[in-house]
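Next come the structures, one after another.
You will see two complexes here that share chain A, one where it goes with chain B and one where it goes with chain C.
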Partner chain A sequence: MSDAQISAGAAHNTQAQRNISVITRRGRRGKAGKPKRGSKNERRYGLGFAMPFLIGLVLFTIGPMIASLYYSFTDFNIMTAPKWVGMHNYQSVFADPRFYKSLENTAYLTFIGVPLGLAFALGVALILNLKEAPARGLARALSYIPAIIPSAVVAYLWRWMFNGKYGLINVVLTKLGIPAPNWLLDPAWTRPAVILISLWTVGGTTVIYLAALRDVPRELMEAAALDGCGVLRRFRYVTLPAIAPVTVFQLIAGLLGGLQNFTIPYLLGSGGFNMSTGGPDETWLTYAVYLYQNAFSYFKMGYASALAWILFIIALILTAVILRLSKGVDEDAAH
Partner chain B sequence: MKMLLTKSRMAVSRAVLFRSTPSRKTSRQRVELPGVHHKDWNSPSLRSYRTRFLSLAGIVGVLLLFGIPLVVMVATSLTPAREVGSSVFPKTLDFSNYGAAFAQAPLLKYFGNTLILVAFNVGATLLTCPIVAYSLSKLRWRGRNLVLLLVLSTMMLPSQVTLVPVYIMWDQLNLVGTFWPLIIPQFFGSSFYIYMLRQFFLGIPMEYIEAARVDGAGEFRILFRIVMPMAKPALITVGLFQFVGTWTDFMGPLIYLRDQNLYTISMGMYSFFSSHGTDWAPLMAACTMFTIPTFVIFLIGQRYFVEGASLGGLK
Partner chain C sequence: MAAVATLASVSLAGCAGFGPTNTTGTDKEGKVTVRFSYLWTGDEAKAVEKIIKDFNASQSKISVKGTSSADQQAQVLSMQGKNPQFDISNTGNSQIVDWANSGVLLGLDDYIKADKYDTSDFLPAAIKNNSFDSKLYALPVAANIYQLLYNKDELKEAGITNPPETFDDFAKVIDTVSKLNGDKVERLGTNSSVDLQLLVQAYGGSWYTEDGKASPTNPRNIEALNWWVEHVVKKFGAKNLQDFQSGFGEYGTAQYPFYTGQIATLIDGNWQSAFIRRLAPKLNWGAAALPYPADKPELRGTTRLDLSNLFIPKNSAHPKEAWKFMKYFLGKKPMLEFTHTLANLPGRTSLLSDTTYSDLPNFDVFLAAAKSKLAVPSYSTKFSTQYGQDLSAAFTQIQAGQATPEQAMQAVAEKAKAYKQ
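Moving on, here comes the complex of A and B:
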């Protein structure tokens, strides 16, 4: 599931809110939140229709998570039966410098890349939302297309763009007299390169911001303008609070997506087939790439499972922290 | 998670209330009146010119930022191999790179394989997700809210958490190296699409369904004959999202496909690059060819991508 998909769900809530209130008024009685008892027929079909999801949940989520927990306590190379080793995998993980390196890379890409991506997407959305701007349709299309082309194409296109000698970016930088960094070889620039690529594919977020901007109450904007607020103050005191809930949701989706950052770093770092090295100084060794390497290059399934459970716990903590921090968002929006 | 959804619902619903009030409509009309616009345009105030100039600059910036890499891709694909790197735009157009790309890899096969996966995945998604979404929106039964909570929480689960055991499961079933691991899971629905469709179904008035029940229609019939036709825009949006998801997926094929005859576009590009590392012109030709279908899909579905992101609200 892509970030765009998750965040699109957030925007859907508008409709839902109206509907939920309708349902609460009409269809529910007694304790709020419990659906009214349907007929026998409805109850039977209700569970029956939900079955595909529930079976899938057991087969592809809950079952595997339990299995993963078990594997994480074993030494398992897939060829021979798993051998119980207790906490050994977790002990090795926490003593593994590459684990910390992958955490550092992931944190770098996520905590710098995601907020930057949100700000950039909002900026693009603001431009695309300008009434005066010409060719908005074309610009909208162009900003969205990078988000839906195959990620392998994105990776190779940018390997070409970032090429130290012939790549367009360095050709232009050299012409302008700016020292051109070796984007794909210099460990200081490899991670910024990934972030720049992620800005290019930010279209999904932009579309969601566009939708959110359209829902900013016009009355408030006009009232603020009458009161003498300039563009910047209207942005700060009207637009920003109005789109805050969308931003929070995008942030969660973005951070969770950032934890899973795999394809671009993997493809940038791949030397030959099935040989992703992690790049210069292992700066492209993200958590997901490291997990993949352990499982499918070294066949250390137990170790990879331990990494998976640690990732799960990190994701839980991260979500909880953002929810906590964003508690005030709606109160702000009301002012 | 749930708390957050409720929150954003509350905030956004205010915006919707505003949107549906008549005053907003009139104000919008007022702005779009040609006369008023005309006046604005002619107003000699410096501010108006500055706004126009900044908007223009902004749009040009957006066009360049997102467009240039695509232009470079096409330009490089048309550059004769000797000239690559010497200038951005080719002096003479050379289409032979496309032939070279076809000669070096079975691109059509990759394309066909991807289409097979797309067809199965989109079909499966559009079959299962509406059924589950219907159960979670229009049928009243005990445990419904619990299942909804499960749908929401699986949306938040990083896919890598279940990667290893799911792979081991397919391995034990001897299905690694086939399309099945990339197809079968879709038949159990994905939580994001279920949630999206549920939100849409909630907006369909119960009266339609009650009336059909009184007339003796079964639940399947109601779903396929009444609810789904009414939810067409949402179904198209979900179908498009699934299309793009499968079309761009790299990790799934990387893990499960072994045989070059089964490679998808992403995997094909990967093996192509691994063996023709610095042949930039044919590589960009392949990239260009795989981008064109995306353009087409975007042009067809443009409206629905945006709708999916905004509301999919019933009008």
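Moving on, here comes the complex of A and C:
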């Protein structure tokens, strides 16, 4: 029996109650069947320990967010005091073709790149989870290494890999007789290039999936095998539902990360002195890069703040939709 | 949430000022410490540090501490905080008017008047660029200018002994010097990713109206861009040019296409004298004025002048001492030494004829070009950066054959309606 099950409180289990009283600091015993609420002192202690985080949250997150909301209604270039302009920034954003271009690029990288990344990570995790996989430990380490390489290094490395004539990717493709695209100059291939780079760095997701695969009930897999289910059916009807909560979490985290996709597109399109060109046909102009341009290249802080708040609302809506669609995933997985 | 919070944090940090800083500004010897934060890096930063060292050794009241920081955002944030991070710094030409208008720059007129400092020797175009509301806010320590560089051997191979003068000559060079293998471009008579903004200016176009508004659809601009499309993009094919360009080495490396002979001409700046000497010493190259349109010979000598200006922020803790250091750096000897090391042009007209630069190959062409009245900095406005990026995106579309010059420039004109004037 796990600790979680014990601490949840077995209503009619005296043994469980005795364990709860051992776990609690003062050994107090509550009414039979009900865990007792913490005392005032305990709450004070809890608040005290949480205070550093709460202070940080207010000072460095909530406070600046409120300031940013105010700036979004002003014309503010850092050098002079903000000037109130009401909804002007928001109106300008919705009339700005670059806003839609950056949204389109971000949507492309997010809604194609993230699911692909999850599928790829799961595939790698399945292979690494096989008992027959050779040198499993080494393979796991190697699969994780790209995830810990700094993004700036990754960007510059892949700039060379994707070089149209001399890059490793095109040299191999040409040898195999496959047409080698112009990854960094052809607008049709610049975004797939970014997705390919992101697939190379799925090590973190792979490790999480590996842990999730370990928790897939063995008895269910054995029962399914005994019932005549093949590998694919066991994967579809046992493995996938068992790791569904992890997938939902990874999907939300991935989509939120995708909406803020910045480093690789920025560096690939870098033009020096804190500027990014946005790449060929502005295909590397993601929402985050455009927000950055407005804030730190054009010094239009008010406009950039409006962009930031619109992104925040988009992220909230997206998260709510995913959570709603995945409602019951936890319960289904438990059954 | 992260974007929102980060943006506001940075803004607030700028508003509140950030430190800690030495507000007394004196070192243990009692000298006033002047902090000089500069954008130069690498070997250029070493040249700056030498000037600082010489200044510090030349007097006993001020100690200048230099910091190399190529971060313009940090520069801007520091200037509007209560606790400045520097007392003197440098920047290009496009920020001066905007910063002066925003009130973050210290006007130099009072110091100039008090010291009877002679500014008549500085490049006239620089004085004009660095003035706002009849006040001077910065002075140039160095300048850069753009000319047409050409590979003498490759032009000779094609039977051309002199560099092109007019755009018609240039078209002929592109046509005869370029080499094709079927459809594949093996050598190009020009740089396929040429600075179209400058080329259009040389053709007689203008990106701004007289009163400083964006004018991308100026008919001469469209004509110049159509010239490029006809003689380069359509002639060789956008896809072929893209494939050709995909194998280019990085700028500033020995594999750069002008050094390897992949391109026969290049529009670039005077620093190439030092670059080519270091990276491609065997290259037989020359420099000449940018081509001019045959129907407008009066435009011969048109080019862009980029300035490296020294300025003092309004919140400088030691403006008087910073001014003293500025005067030293702008002196003939330090300026000559500094610009010679960087292969930059001097900010003083009297130094344009100095023979110290004679060891830099073809540098005399750049020095002579700086004397032209048509060598001017690009117009400086609040929206210059954004305008530049919009034009750059439009040029990419033209180069890729995705839009005609008319369509691309019209799109920029639409975006320009939203620019902060």
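Convention: the second predicted complex is superposed on the first by the 286 of 335 C-alpha atoms of A that agree within 3 Å, B and C clash if a C-alpha of one lies under 4 Å from a C-alpha of the other, contacts with A are read in each partner's own complex, and residues count from 1 in each chain.
By our rule, a contact is a pair of C-beta atoms (placed from the backbone, for glycine too) under 8 Å apart; a residue touches a chain by one contact, two chains touch by 3 or more.
Not measured: the values here are computed from a predicted model.
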Task: Return first, second, both or neither, reflecting whether A:Ala141 touches chain B, chain C, both chains, or no partner chain.
output: first
- prompt: Is A:Gly46 in contact with chain B, with chain C, with both, or with neither (first, second, both, neither)?
  reply: first
- request: Determine, under the contact definition given at the top, whether A:Met79 touches first (chain B), second (chain C), both, or neither.
  value: second
Message: One more residue to check, A:Val321. First (chain B), second (chain C), both or neither?
response: neither
- request: Check whether A:Ala188 is in contact with chain B, with chain C, with both or with neither, and answer first, second, both or neither.
  value: neither
- request: State whether chain B or chain C is in contact with more residues of chain A in the superposed arrangement.
  value: B
Message: After the superposition on A, what does A:Met87 contact: first (chain B), second (chain C), both or neither?
response: neither
- request: Quick one: classify A:Phe312 as touching chain B (first), chain C (second), both or neither.
  value: both
Message: By the touch definition at the top of the document, which applies to A:Ser297: first (chain B), second (chain C), both, or neither?
response: second
Message: Once chain A of both complexes is superposed, is A:Gly278 in touch with chain B (first), chain C (second), both, or neither?
response: second
Task: Touching chain B in one complex and chain C in the other: list those residues of chain A.
output: 60-61, 63-65, 67-68, 71, 78, 163, 165-166, 260, 273, 288, 291, 295-296, 301, 304-305, 308-309, 311-312, 315
- prompt: Quick one: in the complex, what on chain C touches chain A?
  reply: 1-12, 14, 39, 70-73, 76-77, 79-80, 99, 102-104, 242-243, 245-247, 383, 385-386, 389, 392-393, 396-397, 400, 402, 411, 414-415, 418, 420
Residue numbers on chain A that touch chain C, as the complex places them: 60-61, 63-69, 71, 75-80, 92, 95-98, 163-166, 182, 184-187, 260, 273-275, 277-278, 280-282, 288, 291, 293, 295-301, 304-305, 308-309, 311-312, 315
- prompt: For chain B, which residues count as touching chain A in their complex?
  reply: 1, 3-5, 7-16, 18-19, 23-24, 27-28, 31, 51-52, 55-56, 58-59, 61-63, 65-70, 72-73, 76, 84-85, 88, 128, 131-132, 134-136, 139-145, 147, 150-151, 154-169, 171, 185, 187-192, 194-196, 199-200, 202-203, 206, 219, 241, 244-245, 247-248, 250-251, 255, 265-267, 269-271, 273-275, 280, 283-284, 287, 290-291, 294-295, 297-299, 302, 305-306, 308-314
